[in-house]
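Heads up, the next two complexes both have chain A, just with different partners, chain B and then chain C.
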Partner chain A sequence: MTNFQPRSHSSNTAILETKPIIVARDVEKWYDNGFHVLKGVSSTINQGEVVVLMGPSGSGKSTFIRTFNGLEPYQKGRIEIDGTLIAHNQKGIELLRREVGMVFQQFNLFPHLTVLKNITLGPTHLRGLSKPQAKANAMQLLAKVGIAHQANKYPGQLSGGQQQRVAIARALAMQPKVMLFDEPTSALDPEMVREVLDVMRSLAESGMTMVCVTHEVGFAREVADRIIFLADGTLVADTTPDEFFNNPKEERLQKFLAQILH
Partner chain B sequence: MDEFTLSRIFINLIIATKWTLILSAIAFIGGGIVGFIVMLMRLSASKWLRGVSFVYVEFFQGTPLLLQLFLAFFGLSVVFGINLSPLVAATLALTGFTSAFLADIWRGSIESLPPGQWEAGSAIGFGYLKQMQLIILPQAVKSAIAPTIGFLVQVIKGTSLASIIGFTELSRSAALINNVTLQSLLIFGLAGLIYFAVCYPLSTWSQYLEKKLAYET
Partner chain C sequence: MDKYKRSLSYYFLAAFFGLFVLFLYGPMLSMFLLSLQGTKGTLTFPMRGFSFYWLQSVFAEQRVGNFVEAFGRSFSLAIIIALITVVFSVLAGLAFRKQFKGSSAIFYLTISSLIVPSILVSLGIGILFSLINLPVQWFSSALAGHLTWTLPFAFLIMLGIFGRFNPAYEEAARDLGASETTTFWEVIFPLIAASVVGVALLGFTLSYDEFTRTSLISGATNTLPLEIFGMTTNVTSPALYALGTLTTIFSFALIGVTLFTIQFLSRRQIK
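Showing the complex of A and B:
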């Protein structure tokens, strides 16, 4: 049901493949209550890469991913999106956010707008698309996430899985350079997890750069190019899924895996 | 003077009611516009704007309307060396009073929305005002309507205080007629009935909307 344009590259575009989209250098953040939530985290995410972010609850995964579009300000270090700095004072952040799509655990669709309007709102107001253009694009995206027939319904009339797929389409409609997912399947009934993961998988295959916080081991194993492991605000491991699951070196990671893999 | 028949008393009170309604409308429109701006300031990212609007709201909510009317009528004429007419003074005080409460009522409606609505708007790239216009206000209006109409009733009754600075609305008109006819019970009773006839339908409407919207969400 889901098919985004397949990655169209030949081997001589390999140089493009290593173009960094997100560069985080020694990122430190304190919450207002003084809590040191990110203690100098560095990572680079290249174009077309799918990176999964794992870690125990409270380790700072959400906080870290939310610094990538300035939803959380940070105090020290440096974050660049496709070469543009996210300043500590968040100046110019709105322009940058257009380039970074985000999908939330709770979907956060706009309940007063139809599915179609949810998707066209950004492109018509921020990308200067005409209404018919935006609508045509939205219908294409809805077809790709498999819910074109629900376009005129309101979010409240859809199942959780359908809402989350609309949320993915809404983020994609802005044609972002990178997509962030913060536990996109954690609020879903088990039978709906699959349909959302399928969309994400197909998006990954189309070449989208993705950063996903998720506890879905199957997705991480099969789709991720790299897995980053955070614990207590520190980056503990940044490695391939194979190394991560089959040959974990760090003690902290071994403990974590023992817990989630039973 | 003894020609003050029941029907003449009634007609006089109705004419004065017109001023009560006009003053209420002025307070509500002025208060609505100013209150909306104050509400935007209260919720803005700027500490400075938040501070100013906070003090504004606390001042008008924390002092009696009567005192605000005195300040506008007597105080401003001292400060600026001009005599404000009762209408202008009442307009200023009632606008301040109404705006402070409306700003708070509306802020409450907005803050009761899930924070995820703001985050989703931000994540798409919308700025504060666009988020307000496209995402937040259309949803907040729903929960704001009932308390806003409920507060309109308070404003209508509150306009009676403008009689003290010499503005002839329903209450002052009743007092003036009473001075001549001395039929206190009849006159103030009638005035009370008129207030009730204006306010009661509004209260009922507000309660009806509150229930109706509660069911819908």
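Showing the complex of A and C:
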């Protein structure tokens, strides 16, 4: 249904150029109420990789990926995006955030702007693109996610699946180096999950580096290069989808799989 | 549907509402009618003819005090108050979205001015101004008096507005790399704009018809409510009602414009 640029290199081949793009080392975070939500999580995500993040509810998945673009501050350890340290209250954090696109569970489209404006707002204000240029790019992206004909509608007039595809287009319009997805299909009616997953799948095929929190087993099996399993703020497993589903070693993971796969 | 029987409480509440409307608009309507008295008319019914004589007399020089100038002062004051109120209540609302050190102390300090009797606020400001040797004026001391009234109200309302505001929109803006300033002007402000207009109207109205807090500190000149009050003691013609009618029409027109603006600002947020 959708086509992004063809992948320049396949992540399945051994000759993958392994340039690390997200490096998280011993990340620890406490919430203001003292809750120790991340207890030293380390992971490296390479360019072009598609990583799925799984774990029980409350294990810290959202918190973890939100530290990648500075939406959540962390207290210990370090996180680098393409070689640049992400730190709390840091000057120029906005510049870093432009490199990291995020898609939220609740879409978070700006309700006072049309679909087209939602997408062009960032590029015109923050990337310095001219309006016609930004508009042309936006229309291209909308065509790719399959909703070019809805460009002048307001988010409230679209279905959940359509809104989420607009949200993906909005994040892509900033030409990020990495895309983060936090349960992008959890708020959708079942019949709309497919259309969003299809967009994510072709995005993965185009070579985008992606970190996805999702409970979609099919997507994780077929699209992910790696699956990271978080439980109680600790990284329990980091392995291939095949190992993850067919040969889980950790007891915590086995329990989790028993629950979600029934 | 026809068989549906209304309960007793329905009739009770309907009667109550009817009385409410009667007492709210009844006096206004009589004032309206009386301001259209004929030239020989008096302050009470019956109507003796019909004319616009009294309405015109309001604008006649010095006939019934100086209405036009008093209106000008009250109007300017209310506009200034509305602007100051909006700016500071929005800023305060933004600040109070986060818990900060001393936030509850500041909250109560701000709100307490609503509890202090208005006349004491007026008296206090008067004393303060004489202490620092400044003359009381409608645009200085009365301005201060009105702010003690409008700011706490607007502040409380902004807390409510921001309490309902979904921070997810800001997060989205921030993720796109917007600075705090851009996020405010492109996302937060457009989303609260309709409410901000409401707060502006509130500030305007509270100031425009303020009496007690202004009474001791408006200086040599009167604001409109003070002027009207002065007239009730020495004007004995329907010109008094004419004045009331004109200010009421003005208030309704203002509400109309505001509602239209709010409608316009929120028309797009179909949700």
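What to note about this one:
Definition applied: the second predicted complex is superposed on the first by the 250 of 262 C-alpha atoms of A that agree within 3 Å, B and C clash if a C-alpha of one lies under 4 Å from a C-alpha of the other, contacts with A are read in each partner's own complex, and residues count from 1 in each chain.
The working rule: contacts are C-beta pairs under 8 Å (C-beta built on N, C-alpha and C of every residue); 3 or more make two chains touch, one makes a residue touch a chain.
No experiment lies behind these values; they were computed from the predicted model shown.
In this overlay on chain A, chain B clashes with chain C. Applying the stated contact rule after C-alpha superposition, one finds that A:98 touches each of chain B and chain C. Of the two partner chains placed around the shared chain by superposition, chain B and chain C are both touched by A:170. Using the contact criterion defined above for the overlaid structures, shared-chain residue A:154 touches chain C, although it does not reach chain B.
Applying the stated contact rule after C-alpha superposition, one finds that A:260 touches neither chain B nor chain C.
Of the two partner chains, neither chain B nor chain C is touched by A:136. By the touch criterion defined above, A:85 reaches neither chain B nor chain C. With both structures placed on the common chain, the touch criterion links A:110 to chain B and to chain C. On chain A, the surface patch touched by chain B in one complex and by chain C in the other comprises residues 69, 71, 94-95, 97-98, 100-102, 104, 106, 108-112, 121-122, 125-126, 170-171, 174. Listed in rising order, the residues of chain A touching chain B in the complex are 69-71, 94-95, 97-98, 100-102, 104, 106, 108-112, 121-122, 125-126, 170-171, 174. Of all residues in chain A, those touching chain C in their complex are 69, 71, 94-98, 100-102, 104, 106, 108-112, 121-122, 125-126, 154, 156-157, 167, 170-171, 174.
Of all residues in chain C, those touching chain A in their complex are 168-169, 171-179, 182, 186-187, 190-191, 268-271. Considering their complex, residues 114, 116-117, 119-120, 122-127, 130, 134-135, 138-139 of chain B touch chain A.
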